[in-house]
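So, here's a batch of structures to check.
Each of the next two complexes has subunit A plus one more chain, namely subunit B in the first and subunit C in the second.
What follows is the complex of A and B.
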C-alpha cells in the first residue's frame, strides 16, 4: 500500500472514533473530500512533499509531549484577552464590547459551506483538517466596533491545537488586533480563515517558534472594499513547518501589507507560500520577507502575485531577501507574477546572498568579534521587518537570541 | 620613547600580486607620519595590512605593534590592542544603528581590557558630546551605520569612532579625500585632539593639503611598493611643488 492509501485507511478509522467523541461536527467531517488528496507530486509542495505530511499527520503524541511549554511572548495584561482555540469554555463576560467568540458547532456559520472560500486545489490539506476536526472557534467583530485590546490566540494547547479551525470575521467598519502564537509540542494541522468586511482593519501578528514537530497551516484571507490587512509573520523552522497564506483582495481599494521573517538553522525545514490575488480595482499589496538559513537547514519561499482581469490600478510589490549563513544551508525562493490587467504597477524581487565581507571587516576592525559582528549584521538584515511596538521589541529579542546576539 | 609600530622588510600580496615590496617603517609615541605617493603605489595596502584586512597576506617581513607580532592576529584582536583604521570608504550597514555599533565596539574593548563597559546612558551622553565637537548632528547616532551619510559625514563618523575607541595607533586612509575645507578643518581638529605623547598617527594621503592642518613629523613617499624617500614636512611641500614625477624619476 502507498503512504496515501495507508493514510486514508487510518483517517477513516479516526473519523469514526471522532463521530462518537465529538458528534456535533460529524456532518462537517464527513464532508471532507478525501478523494481530492493528491497521490502524486504537486508543484506547490515541491520542497515539502505532501506525502511526507501524510506520514506524520496521524502520529500519536509521544508521552510527555502534551506538556506544553510556556508561551514565550506576552502582551501586557490589560491590553489583551485570550480565547481558547477549541472554542470551548469561553468566558463570554470577559470579551470586549462588539466581539463574540463561539465554538464552531455553536456558531451560526453554515458548516456545509465552511470550505467554500478556501483554495483547496492549491492546499488540499484542508481536507485532512476537515476530516479530523474536533472543534473550532468563530470570532466575530460587530460592524463599526474597534476592539482595542489584542485578541490572543495561543496555539499551544496540545490536543485542541492539533487540528484546529479558526474563523475570524470582521464586519464592515470594524477593527481588531490579533496575536497568534504557536508553541507546539505535537504535530499540528490548522486552518485559519479571515473574512474582512468593507472598511475593516485587521492587525495580525503571528509568531511561530521552533519545534521538532511538523506543523502546517493555511491562513486564508478575503478583503472586501477598502479593507486593510496588516500581517507581521515570524516563522522559525521545524520538522518541517509549512505555512500557506492565501490573500484575496476581492473588493476595490483593498490594502494588504506583509512583513515577515523566516529563520532556519540546524536541520530545520521551513516552507512558506504566499499567494496574493488582486481581483478588485485600486488594490495595493506590499510584501517584505527576509530570511536567514544556517546549518543544514532548508528554507523555501514562494511568493505569487496574481492580478485578475479587471483588477486595474493595482499596485503590488514583493521583496524577498535571504542570507545563507554557511554553505550547506539550502534556500529556495521563487517570486511569481501573473498579470491579466493592463493598467497595473507590479514589482517583485528575490535575492539570496551571504554576509557582506566588507561589512564584517568593518565591524571586526572596531574590535567586535567575528561571531558578534555576524549576529549584528543578521539583526540589521531583519530590522526592516520588525513591527515598531512593544511586541516587536520582544520579538526582536527572541530573534537576537536565535541569531546568537547579545540577547542569547 | 619606544616604538609603537615597527615594520621590517614587509612584503604584501593581494590576490597573488605583490603590492608592497619591502617596506621599513618605525613610528614612536607622539609622532605623526604621513605616507604619500601616487595612485596604486601601495599606500592603502600598508594601512589595511596593519589593520588585518582579510585577503592581504604578508609574504615576508614583519609588523610589530609595541612588542606584539600582529601578522597572525585577527582584526578584532588588533583593534582591541589599540590599532585603528579610518576607512577610505566607510561601509554602510543599514539596520544597525550607529549608536548600537559604537557601544558594541567600545564594550568589546572594555571586555578585552577586563574593565567594566560604560553605562548605556553615560555612553550616549559621551558619544553625543564627542559628535558635537565634530559638527556631527546627534541624529546621526540613531541612524544606520553610515547609511545615507554624505562623504564628509562618513569621514567625520570615522573620527568619532577613533575618539571613542581611544586607540594607540590611528591610521587614516585618505580621510581627507572628498572633504571641503570646513570639513577638513573639523577632521584635522579631531586628529589633533587625538595626538598625545602616548599615541601615534599614520596619515595616508595623496595630497599634502591635510598636512597644513595636521603637521607631520615625518613624511614618506611610497612608490611601487617601496618607500623611496623620507623626510620632514618640507618633503610634502616639495612634492606639492614638483609632483610625484620628481620622486618617481629620482627613484628609478
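What follows is the complex of A and C.
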C-alpha cells in the first residue's frame, strides 16, 4: 500500500467519526475531493515529496495526551487580545470596536464557496483540510476601522485542531495587526485565507517554531485596489515543514512586502514556496528572505513572481540569501519569473555562501572568540529581516538562541 | 591588433549597415534526388539505418536497445512550451541525397547542386570559400556530404570526419565515448536520437594538439517530412584545444519538422573545448505556421583536472527550442561556461538554458544568458546549478537578463540552485525590462529610425555573449538578430 492509499484510508475512517457541528460544515467536508490528492513525483514538491506530508497522524481522531509547550512569544498585555482558533467560545464582548470574530458555522460566509478563493489545483492539500474541517475562525474588520491592539492567534496547543481554517477579511479602508504563532506538537494542516479590501492594510507577523511533527500551511492572500500587506515570517524547520504562500495583487496599486527568516539545523526540513501574482497595474512587491542551514538539514525556497498580461507598471523584486554553515546541509533555491507584460521592472537575486572569512578575521583580531564572532555575523545577516518593534526584538532573541549566540 | 576571435565593433556595424535580406534567407528548397524512407519507426527502420551505414553489431544492438527503451517512454512535458503532440509515425527517419549513395571520394565528386546549396548558405565547402581557414563538415538531411581541409588537419593529428566514417576508421574511440556523456536512456529525445541517429561530426584531438583552425559543421534539413537526428562527438585529450562552430538552416515549410540532435563533448586534463552555435532553423511564418522543433541534448564532461568547456549559442530560429547545453565538472579545477542569446519573435517558443553540475574541487562555472522576446513569442531560461557534497570550493556566477519588445510576449526564468557543500559559493541574478524609452528617444533624436535603434540596443544588450563568439560567427549573429527582429516594432 502506498503512503497515499494508506493516508486516504485513514482519512476516510476519520471523516466518518467526526462529530458534526453544523450541517453546512458537514456539507463542506463532503465536498473535499480527496481523489485529487496526487501521488508520485511532482515538480512543485521536488524537495519535499508530497507523500511525506500524507501523515496518517493527521487523521488520528484523538491526539491523546500531548506535551503542550507554552507560547514562547508575548505581546504586552494591554496591547493585544487573543482569540481561540477553533472558533468556539469566543467572548465577543472583549473584542475591539469594528472587529468581529465568529466560528465558521456562525459566520455569514457562504460555506459552499469557502474554497472558491483558493487555488486547490495548485494546493491539493487544501482538500485534506476541507475533509477534516470541524470549525474555523472568521475575523472581519469593518470598513474604515483601524484596530490598534494586535490580534494574536496562538496555534500552540493540542486542543487546537490539527486542521485549522482561518479567514481574515479586511473591509475597505480598514487596518489590522496580526500576530500568529505556531508551536505545535501535533501534525498540522493549516489554511489561512486573507482578503484585503481596497485601501486596507494588514501587518502580519508569524513565528513558526521547530516541531518534530510534519506540517503544511497555506497562506492565501488577495489584495484589492491599493491594499497593502506586510508579512514578517519566521520559520524553523521540522519533520518536514512545507509553507506555501499565494499572494495575488488583483487590484491596481496593491503593495506586498515580505521579510522572512528561515533557519534549519540538525535534521530539519523546511520548504517554503512563495507565489506572487501581479494581476492589477502599478503593483509593487518586495521580498527579502534570508536563510541559514547547518547540520544535516535541508532548506528549500522557491519564489515565483508571475506578471499577468496587462499588469503594466509592475515593480517586483525578490532577494533570497543563504548561509550554509559547516556540516552537510543542503540548500535549494529557485527564484522564478514568469512575465507576460512588457512595461514592468522585475528582478531577483539568490545567493548561497558562507560566513565571510575577512569579517570573521576582523572580529577575531579584536579578541572575540570564534563561536561568538560567527554568531554575531549570523545575527547581522538576519537583522535585515527583523521588524523594528518590540516583537522584532523578542524574535531576534529567539533567533539568537537558535544560533547559539550571546542572546542565548 | 586585438584578439582575432573577438568581434571588432566596426566590422559588426559594417555588416549591420549592409542591406540584409529581410525574409528567412535560407528558406529555399534544393531540388535534388534523394532516397527517403517512408514515414514511421520500427525495429526495421533502425536496422535499415544501421545496415545502410555498414555498422558493426555492437552499434546495431545499442541502437535497438535505445529504440526498445524509447517505446516505453513518454515525451517530457515540463518545459514552458505548448504544441500539439508529435506524431512520431508520420516522420521519415532517414533521408539521403541519392548521389551520395556511392560515397564520393573527394569534394570534386559531390553533386554540384549540393555544393551550390551550401554556397547559397555561405558555407565555404570549397576550400577557397569566403571564410577560408575554417574546416567544414556539412550535413545535408541525414548524411554528411564532405569535410574540408581534411589533409591539413590530419597532418596536425586532428581527426575530423563524419561519425559514420569514424565508426569504421576509429571504432575503439567511438565505442569508448559514444553515450558516455549523454547516456542512451538520458531523456526521450536523446533516446530517440540514439536509436535513429544518421550522421554527424566526429572530432578527436590527441594529447597536446591545438587544432590549427576552427572546425565547423553545417546542418541543413532539405527533404519534406523528415526528421534530422545528428550526433556529434568531440574528444579532447590531455592539453588539447579546439574551437568548434555549428550552424543550421532548413527550408520554409508549413509543417513542423523535428530536429533531435545529441552533442557530447569530452575534455581530459588541461584540455579545452569551445563550442559555438548559431541556430537559424526555420522559425515558422509570422502566423506561427511551420518551423522546426529543435529538441536537442548537448552536454560536455570536464573529466580531467583543469579542463574547460565553453558553450556559446545564438538561438534565433526554430518554432520551438528545447535545449540545455550542460557541463559536468568532474575534474578538479575544471571550468564550465555558458553564454547564450535567445531571440524569439512572432509565435516562436524557446525553453533553453544550461546545467552546471559541480563534482570536482574548486570547479567554476559562469552562466550569462540574454533573452529577447518580441511579437507573441515565449522565451524561458531554465537552468540548474548543482554543487554536490564533493565540490569543495566550487563557485558559480549566473546572470540572466530578458528584454521584452511588445506587450504580447512572455519572458520567464526558472533557475534551480542546489547546494550540498558548505564551502560552495553561488550567485544568481536576473532582471527583466523593456527597451527603455530614453534610449530609443536618444537614437531617434539623432536621426536613427526606430527599427535600426532597436537593433542597436539589442546588439548592445547581447555584447557580453557576442564577445565570446569567433569573429565570423559574431558577424552572422548580429545579422541574424536584425533579420529576426524584422516587424517586431509596430
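The rule we apply is simple: the second predicted complex is superposed on the first by the 389 of 408 C-alpha atoms of A that agree within 3 Å, B and C clash if a C-alpha of one lies under 4 Å from a C-alpha of the other, contacts with A are read in each partner's own complex, and residues count from 1 in each chain.
Definition applied: a contact is a pair of C-beta atoms (placed from the backbone, for glycine too) under 8 Å apart; a residue touches a chain by one contact, two chains touch by 3 or more.
The shown structure was predicted, so the numbers you read here are calculated from the model rather than taken from an experiment.
Return fit or clash for subunit B versus subunit C, each positioned on subunit A through the superposition.
Taken together on subunit A, subunit C would fit alongside subunit B, as the superposition shows.
Looking at subunit A, does subunit C or subunit B touch more of its residues?
C
Once chain A of both complexes is superposed, is A:381 in touch with subunit B (first), subunit C (second), both, or neither?
first
Looking at the overlay, does A:357 come into contact with subunit B only (first), subunit C only (second), both, or neither?
first
Does subunit B (first) or subunit C (second) touch A:40, or do both, or does neither?
Once the two structures are laid over each other on A, A:40 reaches no partner at all.
Contact-wise, after the overlay, does A:325 reach subunit B, subunit C, both or neither (first, second, both, neither)?
In the superposed model, A:325 contacts subunit C only, not subunit B.
If we overlay the two complexes on their shared chain A, which of subunit B and subunit C does A:366 touch? Say first, second, both or neither.
A:366 sits against subunit B, while subunit C stays out of touch.
In Å, how small is the closest CA gap from subunit B to subunit C once the two complexes are overlaid?
15
Would you mind writing out the residues of subunit B in touch with subunit A in their complex?
51-54, 74-76, 78-80, 84-85, 87, 90-91, 93-96, 100-101, 104-105, 108-109, 112, 144-145, 161, 165
Within their complex, state which residues of subunit A touch subunit B.
Touching subunit B: residues 357-359, 361-370, 372-373, 376-377, 379-384, 406 of subunit A.
What part of subunit A is in contact with subunit C in the complex they form?
43, 309-310, 312, 322, 324-354
Under the touch definition given earlier, write down the residues of subunit C that touch subunit A in their complex.
Those in contact with subunit A are residues 78, 387, 389, 402, 404-434.
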